[in-house]
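Working notes, structure below.
Going in written order, the chains are labelled A, B, C, D and E, and every chain counts its residues from 1.
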Amino acid sequence: MTREKSSASLSGAFYALLRRDLLLAFRRRTELLFPVIFLLVVVSLFPLGIGPGPQLLARIAPGVIWIAALLATVISLDGLFRSDFEDGTLEQFVISGHPLTLISLAKICAHWLVAGLPIVLLCPLLALWMNLPVESLGVLMLTLALGTPVLSLIGSIGVGLTISLKRGGQLLSLLVFPLYVPILIIATAAVMAASDGLPYTQFLGLLTAGLITSVTLAPFAAAAALKISLS
Amino acid sequence: MTTETAIQNKPRKNALVMFIHKMGSPPWFYNFSGKLVPWLWAVFCSLAAWALYLGLFKAPADYLQGESFRIMYIHVPSAWMSMMIYTSMAIMGFIALVWRIRIVEVLAMSSAPVGAAFTFVALASGSLWGRPTWGTYWVWDARLTSELVLLFLYLGVIGLYNAIDEPRKAARAACLLAIVGAVNLPIIHYSVKWWNTLHQGSSISVTGGSNIDPSMLWPLLIMALAVKFYYGANLLTRARVRLLEQDKRKAWVRKVIGEDKS
Amino acid sequence: MLTASQINFERYFEPVFQPVNFELNSGELLLVTGANGCGKTTLIRVLADILHPTSGQIENQAAGMAYVGHYLGIKDDLSVLENLRFMRDFLGTSNRDCADVIRQVGLSRVAEQQARTLSAGQRKRCALARLLLSETELWLLDEPYSNLDLEGIELVDRILNDHLQSGGACVLATHGAHRPEWPATRDCFLVSGAVA
Amino acid sequence: MTREKSSASLSGAFYALLRRDLLLAFRRRTELLFPVIFLLVVVSLFPLGIGPGPQLLARIAPGVIWIAALLATVISLDGLFRSDFEDGTLEQFVISGHPLTLISLAKICAHWLVAGLPIVLLCPLLALWMNLPVESLGVLMLTLALGTPVLSLIGSIGVGLTISLKRGGQLLSLLVFPLYVPILIIATAAVMAASDGLPYTQFLGLLTAGLITSVTLAPFAAAAALKISLS
Amino acid sequence: MLTASQINFERYFEPVFQPVNFELNSGELLLVTGANGCGKTTLIRVLADILHPTSGQIENQAAGMAYVGHYLGIKDDLSVLENLRFMRDFLGTSNRDCADVIRQVGLSRVAEQQARTLSAGQRKRCALARLLLSETELWLLDEPYSNLDLEGIELVDRILNDHLQSGGACVLATHGAHRPEWPATRDCFLVSGAVA
């Protein structure tokens, strides 16, 4: 049916899309800072809401930072495909004959670079705020580095399914949060094990396995979801 | 871009193909299931009555929990069903997505509310049971938590299906979500287990008595079988109603409704 | 290049239009006309493989499709030039010159302006510019004339003619108020609903 | 210039808009449950991320429930004016000659009924989950009842300022979270005082004062912000 | 009813069009024409008091305004009927019959359908229905003809004529491809940019 695409043209499309999405995200330089500040603001709510006891904060720190990461991801997810869906760009992608899986993957990569990476980089500062012991910091960063891509990947499926709905936000979080539960549990378990001086590598192994599985499966599922939403 | 012609135009080959082809046609499915449904209800009612009689009157009171253990005859079958129905919904969802068979879409989507109801019953009966046995309605135990997540997964499928207007598009979207959820369900189950055992010793063991008395076990097993028939009967009844609703302007439905009236 | 036999599309279990049949060859224009709501947009989206036909067959041997629909596929936050550059890179037709295309559609003055600030007609021209960038055989145009001034309408006719002359084919949907200045090779008058 | 509106036509417009917004929110019966489920899902993330220890959960419960309320509000805020802005309905409101302040107020009321009230009503269940002692529950509900309208009111100003931006969501949270901090602190202080057996009425007084101030001022500020965003 | 003297609007410190002057009385139609991007939409939005003119004065004595622009002001999640019912209640013109108005614009068949599922022409008709609901003297129409089929264009002309006959006034912007069938009372040809 549509002519076969050479791999050169595919990678060209991939990079074009990645570049465009990053350009859109960083259209204005200040917008670079939004995800970072969002995270800072959310995390800083906890000492305010719970009280500043240092032991207590250290105890809940990994959970809080991870939950903040989840929330930041979900809030930013909506932008992943919505604007492309609403202005008709997604239709153009389908027409172009490039596989939708590739397109999803490019957009997921862009999303992670914009919404996930800043979380990983910011994590030392957050840990400092929450009195997390320095020993656990490395593990926390590792779990975030392995886990946030999974959040973007799984999230893309949920977004694909809900973009045709105007008020998709709440439904989206209902769809994706249950799927995020294992990541949250494994990641926080790793950090807590580390701070208790217990072995934690098995948790990192699980996260890596999750990352590999979702990289191979999620873009296909997201593409299928998009195709359904378009129809 | 070659689109498969509707199955109707293909030459018929053997009995199996014939059957699948027939199952795919709403009027045939409606009639066929119409004959099946009364039997399913009947089997369910008699089995359930028998199990309840055995469980509520014949089985002796538990020496530890007293009479409250009888909640088990509701709780355990519904907990089992909650997981079984999700699996069957995901399998049907897969079939519906790949082969675009409308009846299977309808069946998968009719499973979701039944499964959600069982999950809810398992949670509610478990909570009520927890009060006398553990002294609290809710703890963040592994099994409880994963059952809660299962409820959220069901609600997601139902919510997505109801949020999209066009019925076939809605069904396809919800089927995809059910499949994704099914991949995740075992992962959730195990991760919750590890999480729970890491933080606190398993002071609560849901599988309290593994070697329970046969007089307590039999009613449970019969009840577990009965609810399977309940699922089948409820599922087919729902699917039939949904088909009638969807095809309300089609000739076969007018004929069916006309027949029912006369 | 494009053959449709007995295609139809159902929504809510009702067919949107009566079965459509046609054969379109290189250099030909298929004009899809009909009243508002008769299913022109739906048909074009079925041909574009965005919607899956409920029954019937489509055979598409075209080397690539391009589509301009009601939703123009322009990113509001990018300038006209950036929009077109992206599309060029994405489609892999890197030999085309974006600035030149922008001149052809008459947007030079606003080339650096963000697309959100364009007027309705300027947006439409920007979407048409994409056609000139893509090296595709089959064009699917859904009401290409709307929101354009007289000069813009001539522009559409000109680029469409060039495309057909050079061996392309086109399906053009319009509600009947305008149509291209030259006669269409094929006509398809859509009637909504099932065959009675 | 535009003719003076009678108060009857004003209240007619107010109720028409309120009714429409509620209709939009609860288009289908299942959608009534979305805000509730969202809250349940978010709150249940905390035991998962932090660990199931009952004492710890009880300790952080008021903070967690309030932070969840803040997040639920911010996530739902975006829908407050955005869709009316994007589809041109807001222009129609301006053209109609009805004061924009009244329109903002109607929309804020609808928002609170959809996003705030469910939080108040759901709070006993959340408290149960988080092992909050029953004595503090009443105070928690009171703070939520007084505080969530303030969240909607203050939020409306932020939304008015950011709707003309495509990626307004994250910027919005930056704008409003700092404004929410006092509410969060006062409300959680009240609950903690109550659970420690200390007097807490002064905190409730502060919340009431905040509510009255923001009801009188926020709709005007939101209307002004909308007017700016439209031009 | 509406007088504009020397009005202009600046964006990025550049005037969008050359100063506009006119006087519009009851029963009159002002036709604003000009090429794509000359500022027709901007002018209408200035007249509608959505944008504030940078210089010049507008005097508006009309009893109420109604506006149909590029963004139609239809809620996607409501049905056609619900959309119109809301607008009627909001505007306080409760004596109008929504079902009747829907019949007039030819949407009876899709009255219960959600607006998001309407075709482009059906959406436009739904926005036009709002004009019939509002009891306003001054209509501001920005390209009312776009996306309509021939019958829809006649519909616009008919309701516009009725409105003018009954003492209303109208400002109608169009890019020149169509215009109402009868001569406009006033003309305003917009030229973009400052006076050289």
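Here, contacts are C-beta pairs under 8 Å (C-beta built on N, C-alpha and C of every residue); 3 or more make two chains touch, one makes a residue touch a chain.
Fair warning: this is a prediction, and the values are worked out from it, not measured in the lab.
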Longest centre-to-centre distance from subunit E, chain (CA-based): B
Which chains, taken as a pair, are joined by the highest number of C-beta contacts? A-D
Relative to subunit D, the most remote chain by C-alpha centroid is chain C
Starting from the mean Cα coordinates of subunit A and subunit B, work out the distance between those two points in Å. 32
Distance from subunit C to subunit A - Cα centre to Cα centre, in angstrom: 36
Can you check how far apart subunit C and subunit E are, centre to centre, with Cα atoms defining each centre and the answer in Å? 28
Expected list for subunit D, residues touching two or more other chains, is 24, 31, 34, 37, 41, 48, 51, 83, 166
Show the residues in subunit B shared as contacts by 2 or more other chains, in ascending order. 1-2, 152, 155, 159, 163, 195, 199
Going by residue number, subunit E touches two or more other chains at 70, 76-77, 117
Would you mind writing out the residues of subunit B in touch with subunit C in their complex? 1-3, 5-6, 100, 166-167, 246-247, 249-250
In the complex, go through subunit C and note every residue touching subunit E. 11, 34-37, 40-41, 70, 106, 109-110, 117-122, 124-125, 143, 145-153, 175-178
The residues of subunit C that touch subunit A in their complex are 45, 48-52, 60, 63-67, 69-78, 82, 86-87, 89-92, 94, 130, 140
Where on subunit D does subunit B make contact in their complex? 28-31, 33-34, 37, 40-41, 44, 47-48, 51-54, 57, 128-129
Of subunit D, residues touching subunit A in the complex: 24-25, 31, 34-35, 37-38, 41-42, 45-46, 48-51, 56, 59-60, 62-64, 66-67, 70-71, 75-76, 78-79, 83, 166-167, 169-171, 173-174, 177-178, 181, 184-185, 188, 192
